[in-house]
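Heads up, the next two complexes both have chain A, just with different partners, chain B and then chain C.
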Partner chain A sequence: MTRFEDLYTEADTFLHRLDPRVKMASVLMLSLLAIIMSALTYLLVLLTFIFVLLLLARSSYRKTTFAMKFVLRFMALIAILWPLFDPSGTPVLIRLGPVVITEPGIWRGLASAARVGCLATVWYILIFTTSQRDLVRGLVKLGLRFDFGLALAIALRYFPTFGTVMDSIIDAQRSRGMEFEKGNIFVRARKYVAVLGPAIVSALKTADMLALALQSRAYGARRNRTYLRELNMRPSDYVALVAALAMFIVPAIAKYAFSIPI
Partner chain B sequence: MASGTENEEILDDELDQPDGAGFVPPIIVARYGVLTALTAAVTFATFIYFAPTKGYFNMGDSMVFFCAFAFGWRAGAICGGVGSAVADVLLGAGFFAPYTFLAKGSEGLVAGIIGRLNGGSKLAKVLGVAAGGSCMVVTYLLCEVYLLDVGWGAALAEAPGNVIQVIVGGTVGILLAWYVKRVYPASGAL
Partner chain C sequence: MNVSIAAQSPPIISLQNARFSYEGGVEALRGVSLNVARGENVAIVGGNGSGKTTLAKHLNGLLKPSSGKVLIGGEETSTTSVATLARTVGYVFQNPDYQLFCTSVSEEVRFGPKNMGFGHDDESALAERALKLMGISHLREQSPVSLSLGDRRKVAIASVLATSPRVLVLDEPTTGLDSVESAQLMATLGVLRSEGMTIVLITHDMRLVAQHMDRVIVMSEGRIAFDAGVEEAFSDPDRLKRCKLLAPPITVLAQRLQAQGLLTEGATTPLQLVEQLVRVRGEQQ
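Right after this comes the complex of A and B.
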């Protein structure tokens, strides 16, 4: 198993102090902005802006590269494959039988890759700077039912635990002579039943214990439950929220009301 | 540890009571949370570099199908959808999370509804895998083309990987549902 890394890094930047709800709204706004933009230049500007924010969030180099690995492959694939499937546009560069590669096709491919890059990296602003606890609390404050939020919190809490459990089951099965690296994909998958079965049973036993623990702590005793730490919007949070909204609304108005190409 | 029948009784009692502030019963919260975590962990732990776009092939689908077959469509949709989406976020492919939620959620939902027909017979489960799997593949394809706008090239390049993932995941999921029901009947899995 790839060792699990919590992408959240403890630090004290303005992004860390920002209310999680504001961060979620900003991520949503920037994603929408990336979706409505189609010019490569502006998308690259947005991408740079997101990277500046990540830099300001003091995300560690190692975690960023870990996260970027998947994104970069995807972006490269789009940039390469897009022109092959998009034969529109006039300056035809290459014509090989049915495959026609045009200059606008290449530009559109690059723009689409940049857009996916924006959509992918904008998430890291939220994930790198918000602890799981704050994330769940923000969602509950936004109207997610408390019990659903609790289930989500349990899921995030037990994710690394079950990773470890699976690792030890894999080791135990190895020591009994099971070879996970041999055979084709179907044979290997079949072997994983011997890992997943015990893992599921152990998880379900954990769930029974958890249910008892929840009941013993008067889970669900009253609807209007109170919290130890309240989330409160500070003036700076409102400023950030307005800025994030403006960043989407102004270009959207420019594009759809004044038909300025962006 | 409470046995299966006791568990069911606790469940029924709690559902009947109007108080409890209308919250989901604790066993459901705990079980869904834990199964979601396990789905995410399995997705995270068993990936093999395979599909060209997302860069990994994983056994997460086997957990989606297991949840759907063992605990019904609700568990399939919630644990499968949320678990896979959480794994996407933690793997650093967060932009995929909403689409994964839709794709895997619909997969678990459809597999859970169809796979439990006829008392969960073998044929129903195979049909459930086929129907749920096609939901997943088609949702991914449409989301990638129309919402993510990656172009047909990249989207089609990924589809075969997804199909293999469904076949492998479905087989393992059916085996797991049978295995857990036999080994740990107290869980109340069907």
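Right after this comes the complex of A and C.
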């Protein structure tokens, strides 16, 4: 079931308490910062800062390792492959026929890996610490149409359910002697027709019933709806927002207005 | 099947202190031991979440015990693939929509035998036989998705029967069926049984159990609370209640009549009750 699980973990940390809008804005700022930075040292400082945030998020150990395994593997892949395709600069370290590896290439590979690590982790932190409901509510408050927000919330909500359905379908087909592990990749891909067919039918049926259930509870009777719990910015939210903005704007000015290499 | 032979031959299903926990930490089986002989007709009953489905999924290797043993036809499931076990044990899922994907009923029914590598001719013969048994030969060319729930379930069962298993496990096959459809399904199971099929039926319908099954395994909180013949299983209302079950109405009626001194023995089916009443009257006259 782990494949489709909601990554959010209930906890009471300052990251959980932040207004979802502020959190989204901060994540965006940190992402932009990671994108404009190119010096390895600064990227590593940023990565360390983000990893500290990850620790502070107190997400479940299982979910954290599950997500970070992907991130770390991807970082390693970039660090290894980048120098092979970016041979500019000197000194040349290795020259093997068409393969040229230079020292600056290696540094740039490490920097790119760190950048991707920052980007992926910071978005994971957002998902780890914000319930789907709060994410959607934040987006709606920021101007997303309410019905789109509801559609998004429902999609997120049904993701794990859909995963369970997929597991049941796979079990049902295995019970009729189907072996998903056998054959080459094309044969195997074709076998998934036996899973996707029932999955799509059952998803459509669920969607149909859900639409009826929403309508029978008067969904669509009013264009705008009220909320039981309004989002309200607290002083700490403003502090966090200003800090996040500064974390992007100050380095951006340093880099582009004063040509400081960061 | 001859009882003495059944008792002699090794059990087709054997669980020895099987335990199983789901990833989330729920211990769904807490040491289950049981033997089912070839040709036996067993109902698994119990409250919601008592572990019936988990137990059933161990019978064809979809789940493997975390400790203890599950033997099917003498082979341990933990070292046997589901595809191999599927040749012995057919498993009908509760929701037929989880397995129907072909564009026609006949294709759907041939899917299992095809996976198992029966030749084309055998495949056709097996499929035809399964369609006929389930009484859906006339639906052959239809699309399974567009059929009624009753018919979809028949297609699902036929598609499992077509793999010619020796054991048939059905998880709540009568849920959502009207009483005529249920009765038909139970009659079909009776036919299969007379051909020597071992049947394991999970159900919440105690009337069906009383009418059609020989042996009742009652699950409660991941354990077998008791394992008995139908009459004995329904004889103790308090014990049933502790397992979140109620005896079928006929049994309750017979128990009340017994308490009033109007009957000497219990009954689990209408026929039995009538026979008892007739006998008591005969004795009085």
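Some notes on this structure:
The working rule: the second predicted complex is superposed on the first by the 257 of 262 C-alpha atoms of A that agree within 3 Å, B and C clash if a C-alpha of one lies under 4 Å from a C-alpha of the other, contacts with A are read in each partner's own complex, and residues count from 1 in each chain.
By our rule, contacts are C-beta pairs under 8 Å (C-beta built on N, C-alpha and C of every residue); 3 or more make two chains touch, one makes a residue touch a chain.
These numbers were taken from a predicted model, which means no experiment stands behind them.
Of the two partner chains placed by the overlay, only chain B lies in contact with A:153; chain C stays clear of it. Greater residue coverage of chain A by touch, when chain B is weighed against chain C, goes to B.
In the overlay built on the shared chain, the residue A:161 is in contact with chain B alone; chain C does not reach it.
In the superposed model, A:174 makes contact with chain C only, not with chain B. Residue contacts after overlaying the shared chain place A:190 against chain B, while chain C stays out of touching range.
Looking at the shared chain after the overlay, A:220 reaches chain B, while chain C stays out of its contact range. Of the two partner chains placed around the shared chain by superposition, chain B and chain C are both touched by A:201. By the touch criterion defined above, A:262 lies against neither chain B nor chain C after alignment on the C-alpha atoms of chain A. In the superposition on chain A, contact is made by A:74 with chain B only, not with chain C. Under the contact criterion defined above, the residues of chain A that touch both chain B in one complex and chain C in the other are 1-2, 193, 197, 201, 205. Against chain B, in their complex, chain A makes its touches with residues 1-2, 4, 7, 31, 35, 66-71, 73-74, 77-78, 81-82, 84-86, 109, 112, 115-116, 119-120, 122-124, 126-127, 146-148, 150-163, 166-167, 185-186, 189-190, 192-193, 196-197, 199-201, 203-208, 210-211, 214-215, 219-223.
Against chain C, the residues of chain A that register as touching in their complex are 1-2, 165, 168-169, 171-179, 193-195, 197-198, 201-202, 205. Of all residues in chain C, only 23-24, 57, 60, 62, 81-83, 86-87, 90-91, 93, 95, 97-102, 111-112, 115-116, 145, 159-160, 163 touch chain A in the complex they form. Residues of chain B touching chain A in their complex: 1-2, 7, 20-27, 29-38, 40-42, 44-48, 52-57, 59, 62-63, 66, 78, 82-83, 86, 89-95, 97, 148-154, 157, 164, 168-169, 171-172, 175-176, 179-180, 183-184, 186-187, 189.
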